Structure formats: C-alpha cells, structure tokens
Amino acid sequence: MSQKLRYAYYPGCSGQGTSKEYEQSTRAVCEALGMELVDIPDWSCCGSSPAHTVDHRLSSALSGRNLALAERLEGVSAILTPCPSCLTNLKVSAHKMKDPEFAAEVNALLDFPVRNTLPVKSILQAIYEDVGPDALRPKAVRLLTGLKLAPYYGCIMNRPPHIMEFDDHENPIAMDQLMEAIGAEAVTFPLKVECCGASFGVARRDIVQKLSGKLLDTAASNGADAVVTACPLCQMNLDLRQDQINVANNTSHNMPVFYYTQLIGLALGMTPSQVGLEKLEVSPMALLESLPARAEAQAQAAKKPASKGAQS
Amino acid sequence: MDKELRIVGFLCNWCSYGGADTAGVGRFVQPTDLRIIRMPCSGRIDPLFVLKTLIGGADGVLVSGCHPRDCHYAEGNYYARRRLEVLKRFLPIIGIDPGRFEYTWVSASEGQRWQHVVTSFTNQIHALGPVQRIGRQSLAKACSLGTVLEPLA
Amino acid sequence: MDALFLADDKLSAWLGELAAARRVLVPVREREAVVFRPYAAGVTPVLDRQANVPPKASVFPASEALMSFRYTKNPENLGQVAVEVHETIDAPPTVVFGGRPCDARGFLVFDRVYDTPKIQDTAYKKRRENTLFVTLACDDPQNTCFCNSIGSSPYDATGSDVLLTPVSGGYLVECASERGKELVESKLLSDGNALREEAKTVHASALSALGPAWNPSPAKAKLIEKFEDMGFWEDVSAKCISCGACTYLCPTCYCFNVTDERTGMKGERIRTWDTCMSYLFTLEASGHNPRPTKAHRLKNRVGHKFSYYPEIHGGPIACCGCGRCISLCPVSVDIREIVRLSIERPTAKPENK
Amino acid sequence: MKIGVFVCHCGSNIAGTVDVVQVAEAAKSMPEVAFAKDTMYACSEPGQQGIIDAIKEMGLDGAVVASCTPRMHGSTFMRTVARAGLNPYMFEMANIREHVSWIGKDKVANTRKAIDLVRMAVAKLAQNKPLYSQSFSINKRVMIIGGGVAGIQAALDCADGGLQVVLVEKTTTIGGKMAKLDKTFPTVDCSSCILGPRMVDVAQHPNITLHASAEVDEVFGYVGNYQVEVRKKATYVNWKTCTGCGACMEKCPSKKSKDPFNELIGTTTAINIPFPQAIPKRASIDRDSCIKFKTGKCGICAKVCPTKAIDYDQQDEMITEEVGAIIAATGFDLMDWHVYGQYGAGRYPDVITSLQYERMLSASGPTGGHIKRPSDKKEPKTIVFIQCVGSRDKSVGRPYCTGFCCMYTAKQAILTKDHIPDSESYVFYMDIRAPGKMYDEFTRRAMEEYGAKYIRGRVSMVYPQDGKMIVRGVDTLAGAQVEVEADLVVLAVGAEGAAGSAQLAEKLRISYDSYGFFMEGHPKLKPVETNTAGVYLAGCAQGPKDIPSSVAQGSAAAAKVLSLFSKDQLQSDPQVSKVDLKRCVGCMKCAITCPFGAIKETEVRGEIKAQVIETICQGCGICTSTCRQGAIQLQNFTDNQILAEVNALLSSETEEA
Amino acid sequence: MSLQDELKAQIVKRLPELDVVIGWGQGYDSLHRTPLFITSEADVDKLVFDPLCVHNLSTYLTRYGSAKRIGVVVKGCDSRSVVELLQEKLIHRDKVMVFGLPCEGVADLGKVKRALAAKDLDMGRVRAASFADGDLVVTVSGQEIRLPMAEVQADKCGRCRYHNAVIHDEFAGQPITEAAPDTYADVAAFEEQTLEERMEFWREQMERCVRCYACRNACPLCVCRDYCIGQSREPNWVSQRDGLEEKFFFQMIHATHLAGRCTECGECERACPVDIPLLLLKRKLGKEILELFDYRAGTDPDAKPPLLNFKVQEDTINERGW
C-alpha cells in the first residue's frame, strides 16, 4: 500500500444514535488500516426514506449537497459511508445526475453544483478493494478462530447491481472473505441478501418478526454462532428485537449480531470497548471468551486425518 | 421544419436499405430531406463519394450499413468503419463540420431505429444549416480587400 | 514619342485610373507565390520579381466555355431531341500590368497559331484585341533567365503596349504601341525625357547581368537529327516527373483540350490548358500512345519549341526565355542545358534493325 | 439511350401521398427519357404487359420503375424487362413507396423527393451495361455439418436422392441432443429407439461419408464449388481398425473422467465410447483424463486392444472435401444458466438442468434410469421444475422463448411419476406454450392424470436448508408467495446456438444473431436458405425447435439441395467486378480486401494485373472502393454510376435555383 | 572521410550490381540540387550531399520496369517512402539497393526566399551558396547573407523522428541519435480557426492552383500517375472545369488516397510551383491515423496498413451510438 488512502467520509445519522458502535468501530478500524477518513464538513441528511418516497428531486438535492461538499475536499479518492441506506441514496442520486437535465434541476437547488467526479463506496467496499483480505490477514493479531458467522449483507448493499457495482448481488462474498482473513469461519448462509423487515419494525412488527426470525433460524440451522452485518437497520432488527422475535416465533435464539468492523477491530487487537461491544443487546462476551478453547479443539481435530471438516 | 436541405444517404442493400424499407412498411414517419442511394455494401462506399457529395453542395451525408459482424459480405463494414471514421475526423481541416457526416449501422429489422437515425440526423443538419461551398465565393473578395495571403505560421 | 515619368507614389492612383474602365491584372503575392489578380484599391502589386504564374490566362484562360448547349425534347416524341447552342466569349477589356517583357512576348508565339490568315480562333482573337500590356523592364534578371539567348532582352518592348523601366523615384514610361497611347494619357504622368539615359543604364546593366548569350539556332537541325536518338532523350528526361508545371507556367505553351461537360439537359463545351508532358496528351482512343514515355514527351516539348515551331512558323522559336520551366520545375530540369546538349552531344546512329 | 420511366400508383399506397402523374411528367424532361407514364399496379400482369409493350413500341433500351423497394420486386421487373427482349440488367428501380409515400404525408415534399429518386435512377440506368451470366458446373456433393436429428434427416434424404453426402460431426458420435433424451413428447416414445435405426442407416448408407470427431476449419469457393477443409480431431484410436468391442473401456484405470454425453452427472473412462448405440461405434481417448497422456505410464488400453488400434501419437488430420452445397445443422446448446445467482449459480448440487435430468431418467444413463439426487444419491420425493430459465428473460439477455421447454417439462413430470409413484412434482411456469398436435392435451395429462402441480409464477430464490432445497416463488394466480421444500430442482434451461456457431457462420459467410442462431434468408419465405447461395440451414441451428420441426427442416434443406443440383450448370450473378487492365497497376490491394478470395494475380505482357474470378465474386464492391486507380469496377455499381446519381441529385437543386 | 566521400565510395563499390544509382547533383544554380542518375563511375564525382538535397528520390523507383536493379540514396524521411513502397509490393527488395544517410535537416527554399525577400533580395539572383557553422551563406546582389539553418530548415525536419534511413543496404556516416517529438501543433494551430475561416483559406489557396499535378507526380506514393482518377473519364470523378470545387476535390483524392500511406515527406508541397500548403491535409490524416491505429506509415515493411485491415472490435473507434 504505497499511496496514502484518503477518503471523504459520510457518517450518516444512524451512526450518531442507534449504531454508535458501528461508527466507533469503523473509525477505529479505518485508522488502524491506514485509511484516512475526512469528515464531510457540515454534512446533512442523505435524503433517505422520508425524502425519496416523496420527491426524487429534493431527495437527490439532499444527497447532492453532501456530494458537492465532498468534492470540495482535497486529495480524496472516494466518498465512503458505512450505512447501506446512505450509500444507496448517494449512489442513486449520483447515478441519476448523469442525466444532464436532472442534474440541472438538482443543481438549481444547491449552493454549488455537483460535479459528479468522486465515486461513492461503502466502507466495506473500500476495505475489501483498497486494503483487501490479503493485506488484512497479516495485520490480525488476534485471530477469531473457531467463530462461526452467518455473513448477512442485507438487501440493499449490493442492489440494484447496475448502480451499486460491487460484489455479486445474489451471493456477495466480500464480508465472507474479510471474516475468513481474521480467522473466523463464514458458514453457508443462503439468506445473505434477504430482507430483515427494515423499518417495518415500527409499523408492522409482525413482518420483522417473521423475516428476521427466519434469518436467525437459518443462521442457526447452518451452524452459526453469530451473525455479522454491515447495516445499522439489519443489526438493530436482529439484535434489539431478538427477544421479541423469540417470543413471537417461539424460538430461543441467543445469537450475537456483530458489525463486521467490530470483529475486524477485535482481530486487529482492539479491546471490546474500543469497538463498542457493550452496545450490543445480545452479549457476545461468553461466545468470544469461548473462542480459544474452540480454536484448540479445531486444531486437535485437524490433526486427526480421518476427521471431516465442515461441508464445503 | 424549415426549408428542406439536401441530405444524401448511402445505404447498404442488405441491412440499412432494408431497414429503411422496414420503416416504410411500419409507416414510421420521417423527415423528407433524405435521398437514398443504394449500395451493395457499406464497404463499397469510397470516402470520396462522401467528400464529392459534400463539396458538391450536399448539406449532409449519412452512411448506414450492417452492424459489425453482420455484414452480408462478412467484412465490408469493418473496412467501411475504418475508412469512414478517418474521413469523419478529416473533415474539420477542410472547413466542413464533421456533424454533416455520420455513419451508423441499422439492420433490416430495425425500422424504428432507422426512423430515429433519419430524424435525428435531419435535425442535426438543420441545426447546422446549409453547407458552405468552396466554389461559391471567388477570390475577388479577398483581392478587393487587399488581403495578402500570409504563409502558415 | 516622348517618354513620361511615373513617380512611385502615383503608382496606385494610375492603377486606379486604369482600373476604372478595364480589368487590370497585377502581380500579387500569395504565400511565396506571385500571381496575377484583378486590381482593386488596396492591392499592392509585387513589382520586384518575376511572377510565378505568367499572365497567360489573361488572353488564354486555363479553362473557358467555348459554348453552352441545351437539349430540348419534342413533347410529342420524347425520343426526338434538339440541341440549342450558344457561343460564349468572355473578353473584358483588360490591362496586364507589371508583367515582364518575356511575358508579353509569349503571346507573339500564340498569335502565329491562333490568329493567322488561315485560322482564327475567335475567342483568342477577341481577348487578344481587348488586352493591353503595361510591361516592366527587368533591372536584375534571375539565374534562370535567358531572354538574351532567344533574341530578346530584359527591356524588349515587342508585344508590349507600354514599357516601364525602374528609375530613381519611379518609372520611366514609354509607349510601345499605338494602342498604348490611350493608357498613358494621364495627368499623373509627367515628362520623363530627362530620365531616358538613366533607363538605358538600367537596361544595359540588366543585359550584362544575364551574361553572355548563347545561340540556340543550331538546335533546329540537331533536334531533328536526334529524333530517333532515344538514348539521348532518356538521359535528359531521367529526372523529369512528368508534371505540367513547365508547360502551364510557360508564356508560350498554347496547347488545349476540349471536352463537353454536361449535367442533365444542359452543358458547356470547355477548352482547358493541356500539357504535352502528360501521358494523356497523346493517348488515343484505341489505347495506343505515340508518346508513351516521358523521354518521348520531353523530346516533343524541346523539339517543338526549338525546331518544329520555327520550321512551321518561319523562324522564331517558341520560347521567351523567362526560365520559369527551370525555376519552378520540382526537380530543376533545365531546358537550356538540354538544348545545348542537343547541339553539343554527338547523335547516336540509329541501330539497323 | 432511350429510357422508359414507369411510375406506379400502387393503388393508393403511392398515389395517396405522391402525385404520380406529376412524377411521370417530370421524368419526361429528364435526359435519355423517351417515354414516361404512370401505371396503376406496375407489378400486376397488365402493369408488366404495359412495360413490355412500351419497350417494344418505343424501342426503349432500358426501364426505370418507380414503385416499391427493389428488395421486393426488383427481380420481378428484371424478368419483365427480359420478357420484352432487353437485357434484364438494363433496369433500375426508384423506391417511392417504402422510402417516400409511406413515411410522410406531405404530398408536395413527397412528390419532389420521388422526382429526385427517379432522376437518380435514370442517371444511373443511362450508364448500365447489359450483363451476361456465366454458366458453371456443379459439384453434386453436399456437406452436412452436424449429425443431430436434423443433420441425419438431411443426410438420409440427400443420400436417398442420389447425392454424395459428407456428414461432419464435432463429437465422436452422431445423434446430437436427441440421443441424450430418454423419451420424446407427446408420445413418450423411447428416443433412442426411434433415432437409433436412423443412425444405423447413416452408417450403412453407401452415399454417406461420415466424419465424426471432425470440425470445419475453412470454407473456400462458392455455390456449386465449395472446398471445405475439415479437421479430423485426433481420437488416439485408429478408427479403421477399432471394432468398438469395448475391451479398452473395461480395463481403463481412469474411471473418473468427465462424461459430457451424460451432461457431467456421471463419470466415464478416459477411453470410451459415449453410449452403446454410438455411430460410429469407435473408442476415443480423453487426453485430459488419460493416465498415459498425463504421466506417460499406463498404456493398458493399447495392451488389451485386440486389433492394436490405440495410437497415442495420432495427430489431427486435415482433409479437403469438395462439395456443391452445405447444410448447417449444428443444433443448440443450453445457455449458461450460472448467471442465475438466485438459483445458486451452480453452487447447489441438487439444482440440475433438464438435460441432466433426462440422462437420469434414461435407462442407459449413469444412474441406470433411477432418479437419484446428486448430493446424497437419495431418491427425491419432491421435485420442482422451474421453467423459462434463460428464456423470455431480458435480464439475462435472453428475450426469446425456447419453445420446447414447456413440453419436455410436462414429459419429465409424467416420467417422474412413473419412476417414483409417491413423488410430487411442482412446475413453476410463466405461460404454457403447447401449440402442436396433441401438445396441449399432453400438458393437461401431466396436470390432471399425473398430478403435477403447476404454479404460474417465477421462482425468486432457491437455497438449501436442512437437507432440502427451499424453492421460494410466487403464485400469481393465487397472489401469494409460495415456498416448496424440494429434494431436487430441475431447471428448464433455454437454448442458444451451439458453441462455435458464430465462428462457423463467419466461415460460411452467413449471418447469425446475438444468440448464435443462424439467420435464414427470409423469416417467412426462405426458412432454410441463407443469404449465401448454396448454404442451407436445418434444425436448432436456425432457432430453437422441437424434433418434428427439426426433422422437417432437415428434409426441407435436403429438398433445396436436390433442387439446386437438379441442374447440371448454374448461372453466375453477372453483377461482379471487372478489371480495366490498362488502369491496373498490380498492387493487388483489391485482393487483400476481397472477403471471398475472388481476385487473383495474373500476368499480362509481363506486368502483374488483378483478375476477377467471376463465379466467386459476390458483388460487394469492396475492391472498387479500395482501388485508387478506379481500375476495378463493380458492374452496374461503378463509380461513374454512383457519381451520376449524386450529380443528378445535386444538379437538380442547381436547376431549381 | 567525409560523409559525401563515404557515400561515393559505397556507390562505386555497388555500382557494378546496379543499372543506375539515383542521387543528387549540382542544379542550375548554387542553391539548387537536382536528381542525378549515376550509371558510370565518372558520374559518381558529380554526386553532392548537403542540406540542399531536398528531393525524395524514391519517387523514381516505381518508374522503372521490374527488370532493372536500382540504387537510391535516401535521407531518413525518404527511406520511409521506400519502406512503404516495399510494403505495398510496388517495388521488390531484391531490385532496390538503398544507400541510407543520416540527415540533420534540409533547407526549405521557400523559407530562404522569404528570408531574402525580407531583406529586399531575390532568391532567383543568388550567385553562390555554402554552409558554414550551421548557417547557409548566400551571395546575392553583391551581398553575403548568413541565414541560420534553424531559420530556413524545412518544418518537417524540426519534428523529425527518423533522421537516419530506416532501411538501407549501405549506410554512410554516423547515425544521429536524437529524435524530435511531433505534436502536430501545426494542425492544431490551423484548427483554431473557425470552419468558415478554414474553408476560406482553402478557397484562397485553390484559386491559385494551375492543375499541373506536380504535387501528385512528385509524390513517391502516387503510383497511378498516368491513370489517376483525377483526370480520367472512366471513372469521371472530376470534370475538366477548373473551378475551385474541381481543384479542391483533386486534393481530396490525393489526400484520401494517401491515408495510412503518407510518410509526410512533404514533396507535394515542395513541388507546388505556387506554394499551396498541401502537406497540411496529409498531416491531418496522419495525425488521425496515428491516434486511431497507432500507425506511422513507412516504418515497417511487413506491417498491414490500417485501412486494409480491421479489428472486429475496434478499441479506438467510438461509433457514437448513432
């Protein structure tokens, strides 16, 4: 990594509240990986859910304002955001503004125009593409060997593919590979890109309970100890509502739901509080404490030639 | 639209001429400026035909052939593509707007595409207006102004 | 007749007077070339050097419509077509100003061909009659000039109507023909008799700058003798690239081609300059070409000028010594050298076959 | 020259928006025009007779018909002109229908345009020359590329018609896709029982030469006289001595070789005969799996072969076949369904293709006719069929309907019930397309008698859970999401042109579409012809179709060849390029750009000149635009003729001004 | 041994194998060289090589029958024409012997003329000329004038990539190692004018054309010559009228027929007796072909010329989705 990685950073509103631990671990991990995040000065709402359902132009203007602010930063190669929802709105706006007519309409609402010069990426994409699993692996001082994870990307991280232009939209593997690079095991998880119920948690809790419940069921039945996510909303539904889900579905999941940045941080040697593990509703501490023993057991098993590993 | 301009089309028989036929069969309305000359293949089109037509006073020239890989004669449009691209890039040096000449590919089935091509090309030519002709003005003008022609710097 | 004086600062005024009633062609510079163009106020004539293109087109245009024609159909029987013909002669009153003596003398060669008791080329004759030459004597000839060797001089007024000689402060103006008189009737011209002597000095110095004259007349017989000596012609034509610069820029080359150019139901019969240096000049409809190589063609050009023409037209050679065929030849073919070699080099005996 | 101009009303098709009388009147003042008239329907018998009468009465030398596109009636009127005693090439058309009257309603502008087009046609015709065809003899042999059912049918029909047939097959046996099928719809006949005898006929027919394991390398020549270079790919077994006894297969130690005949669901030996009824029944070695080739050791097959037919040093062999016509019957392949990430993109062993399922159903297949799911070899009880995988799906670039999947899916559902009576089949479909004799009845039987559960809707996702494949889809009739816990999922994968069809098309100089299917000469009227004379199409190479249609096309193509060969001599198209020897400098750039090799070097009085081989020249004119001296001119499309059209058009403007 | 003497020795050595060697000799005055056709050792003494040897002698190569063995003396630029002729199989390698030279640049007599005219002197009256310390020293009208070569050097030499003959059987002197970049700045400068100004420019230039075809006949690659379509009736691209359209269209023929072949030797422009800047048209094509196909004519005898070639997928042609 010869050249300095410097990005414009769009934190998004979740990181200020419900997913502080995501924000915290993202900043910590990026710093540790040599990725300089320059906060977009005076950033505002990305124009997500409330706006884009009402007026596309205004929604894009909200995104556009942030894009234009980011473009004025010096020496940044991309705009990064941890939140897939923000990502979608920023990218969709940038995409739509390739149409000069639409761009003119949006720019008319802004103080200074969007030049559309910087790519917008998720933090996940930046870590995966600009650092990469191969560079991450040697940096991991504490391998998470023995940890079986269901990698859950959520429904919008990779879709629609022609706008997001990252990873396979049906079977993404970026997070799988990053988790494997820090010693964890990504179990087969066919519902990687399923919907968790998203913001229906407020209006129609039954839907979240059904959809998120299914995610937890599938993760469990595929042998996962925990779920790893990249989205504040997914994390919240699976973690915060896990008790509600258990009650509604008559299940007894006790499955920690991590942000991938938290796990990378741990592997890079950070303390649980540095990555905000205490913020998780389902405590992962017991699971994490059991890891050394599991790793030992795995190593023993590997020595026996007759033993069969997990299906692959 | 203003007064008709002189637009000449050189079309290959197999694809684009057929595409223009298909547009006709589909009754796809088009501007009336274009006059089509049927060629066996876009590879038959000597760039000099285009130059002759433009210098001779046509306001626009449109060449259309089979899509690459679809040439009835296998390779004609590949040669045409190179020749015509070079020609298009050459035009500015002689003072002819390269927009007066376009080449494109339209298959025999693409009647609607043909309508689109003819309509947009005709609009483009009308936007450019009548062509300037080298023969239309004599040197008398320059002489009367006392211009001494300086060599190129 | 008296000699007159034109001061340098009156030149444009005089040109303006001349141009009031006539087309006045003056040499002007375009890039590094000097060509004759219609005079208009503001045009600066280039008088200090020979023009690249002589004023030949003034009387003998590079291309002229001899006639226009139109076909008309019998509406009752479309197969019956009638043709109407209109003769067209474009012969505006013209003054060629600032040509050199050689340029004006060139038309004397034309006259023996196009204006004879037997044959009169009406278009040529009309233009010739309508064109006057105000010629400028040369004060410092170029390296390629050889008018002295073909029986002329840098101040030869034959063929000119007015002769100008550069003198201090302006030009000595001398009438050289009856027709020239009307041109010099101008208040801008003052008495110039006092400058006659100075003009003579200019003439003498120009003549001496040309160096000793050589005599081309033996070539008349020698060129006939060398008609079959193709080795000689191949040798002297080796560098020729068969372009038409020498002939088109020659004040004496008078050959033409006639073609009908028709579009639709009407057209014109066009006469255009032709050049004997081109393969196409003698290409016959059968495909046969009596002058198939550049050696044959160069032989014709030199032979015609220095032997056949004098033979047919009673003496004068068809060259005015301007030297353009040498100076403007892309490969410097030198007609003086060829004529001299034709005289000096022994003729190869034709092989008996 | 005396030219006649005939301006067609085409009823109101032209006359409705073009003043045809005015066009004819304007034509009268055009150069060379000695006669001009409007006519109601030029192409009708009285219309044609009018043209003939005018030519004869007025002594015309040529005719311009201003009517529809020359692509429609050009040849009609050429025959008319010929009937009047003129050379048929003394004719030009002005397209004032498709290019004028049908595309605008401004009668003034249309009329002006029509007059221009007539003027241009007249100017061109004034320089037309009579052209005369050359006769040339035909090599009455036919090559058929592809030994599937269409190719087999074409080969047998041609051979029975007395032609010498060369059948070229890419794989080591003929039979094609049909040989892989267990049963056929709607009769549920045994596929190999009906195809097998035909394959044997091919092998035994005295007029058929079969090159299996062979591919077309290059094609030269032209209709009647093609030279085809065929590459016979090395099989490492001398097929002249191999008897197909199978001893080598029994002893071959490399038993885990890929088995393409069985669609990779089973394995075979490195030396193998694909299936017992293979024609030719000859063994061949798969180099990639053979231990001898991989390590240099082994050689068991050579030891056990009773006829010493094994030849590890065998090389590809090039042979040249001279034929007069070619039938391309290269069939189809399944599209690469791995683009469907939602169906696992190949990650789940229990999601298979219909053709793999077909091999599973076949008694001669790798499972001996027992349905076993690949992951654990257990008999599946719940089977989901997903139709339109790679058909009618723009998102994967396959907008067309493959057409036969509905039928074989119904057949497979029926066979599934026969094989496993307590099984349940679900079929997700978009529409059922069963427009054939007894076809719809067949699909109804699958539903009604065999209990296949047809669900109208697409499947959004297939994923494994707890040993089952969860198939999630929508039932659009019920308006509900459905999930089926399946044991096996069978995808009805759409067809595309066989691998390599684009390359073959380029060699044959025929067109192909973006899916690899060859373009027929005309979608309605020339279904088995191509735009290249002497090249015909049969079967799925032209587009997906079922067995009876493929067989019909095989016969149709054979009929076309037999008809072509019914003459001893063919007439060349005389509209070819011609060299003006005196202008030619022998630079041979024309030969470099000629796509057909129709220009050869010749020596005329010690100088190199180009010469056109008239029977090869296709009349594209690329040479004409390449030649700087204008020495090679495409007849009746000469530089002067194109220029005459340009000048006629541009001068018309000057005349108006 | 001087470069000229080395060249003479090489010609003397190889002359017995050849029917003729084409070099340069003294022309009609001290500023002019002229093509020299050497058939005997005695002729070799007349050979000259200096910056006044402007002619591209390869133009003569296609004027001999295939039986003759021709030697030709070439500068770097001239040698590219030889390569191009070989590539087009218009001459045969075994019939041509190439005497290659290094060349630091030739004089442009048009510039000499202009430089002298600026001092009220006429190039046609130059009595003596020589080279000293990088200057062209001329005597005219009794004055000695020093013209720095940098000022009177041909434009093509200032942007020359090929100072040394790129093909040769004999090479005299030491190869020159530097090569200048050609940025086609002249074309760019011209194209800063409006389209109307450009056409007016050509209008003015063409007015002067006398249709002598020196441009064509001096061109080493114009091999049609007697059968040029600019003068024929079959085909009849150009009428006999001498209107601007006809004259200009002839230049279109010349230019397009040289597309992908022209080595930009500039003989067309040098040969023009009325100084029409014809090379500009060819330079424009050369620039576009270089950009499109990364191709410079006359550098590789085995290359396939771009306009007789194609790629199924062209990387550089943006078809603009029309």
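Chains: A, B, C, D and E, in written order; residue numbering restarts at 1 for each.
Operating definition for what follows: a residue touches a chain if its C-beta (ideal position, glycine included) is under 8 Å from a C-beta of that chain, and two chains touch if they have at least 3 such contacts.
Just so it is clear, the structure is predicted and the values come from calculations on it, not from any experiment.
Undergrad: Kindly list which chains stay connected to each other once chain A is removed from the assembly in thought.
TA: Drop chain A and the rest stays one piece.
Undergrad: Of the pairs B-E and A-D, which shows more C-beta pairs in contact?
TA: B-E
Undergrad: Average the CA atoms of each chain to get its centre, and name the chain whose centre is farthest from that of chain A.
TA: Using the mean of the C-alpha atoms as each chain's centre, the farthest one from chain A is C.
Undergrad: So, comparing each chain's Cα centre against the centre of all protein Cα atoms, which one is closest?
TA: So the chain nearest the centre of the shown protein is B.
Undergrad: Whole-Å distance, chain C centre to chain E centre, using C-alpha means?
TA: Taking the average C-alpha coordinate of chain C and of chain E, the gap between them is 30 Å.
Undergrad: Could you work out how far the Cα centre of chain A sits from that of chain B, in whole Å?
TA: 54
Undergrad: Please report how many Å separate the Cα centroid of chain B from that of chain D, as a whole number.
TA: Once rounded, the distance between the two centres reads 33 Å.
Undergrad: Which residues belonging to chain E are in contact with no fewer than two other chains?
TA: 110, 114, 204-205, 237, 243, 275, 277, 308
Undergrad: Of all residues in chain D, which are in touch with two or more distinct other chains?
TA: 582, 593, 626, 639, 643, 647, 654
Undergrad: In chain C, which residues are in touch with two or more of the other chains?
TA: 30-32 - these are the residues of chain C that touch more than one other chain.
Undergrad: For the complex, which residues does chain D have touching chain E?
TA: For this pair, the touching residues of chain D are 580, 582-583, 585, 587-589, 592-593, 606, 626, 628-631, 633, 638-640, 643.
Undergrad: Spell out the residues on chain B that touch chain E in their complex, using ranges where they run on.
TA: Counting only chain B, the residues touching chain E are 47-48, 51-52, 55-56, 68-69, 75, 78-79, 81-83, 85-87, 89-90, 92-97, 102-105, 117, 120-121, 132-135, 137-139, 142, 147, 149, 151-153.
Undergrad: Show me the residue ranges of chain E that touch chain B in the complex, using the header's touch definition.
TA: 110, 114, 186-187, 189-191, 195-207, 237, 243-245, 248-249, 252-253, 255-256, 259-260, 275, 277, 280-281, 284-285, 288-289, 292-293, 306-314, 317, 319-320, 322
Undergrad: Can you tell me which positions in chain C touch chain E when the two form their complex?
TA: For this pair, the touching residues of chain C are 30-33, 35, 48-50, 52-53, 62-63, 140-144, 235, 238-239, 241-245, 247-249, 257, 259, 261, 270, 272-273, 275, 278-280, 324, 326-328, 330-334, 336-337.
Undergrad: Using the touch definition up top, name the residues of chain A that touch chain D in the complex.
TA: Residues of chain A touching chain D: 168-171, 188, 190-191, 218, 221-222.
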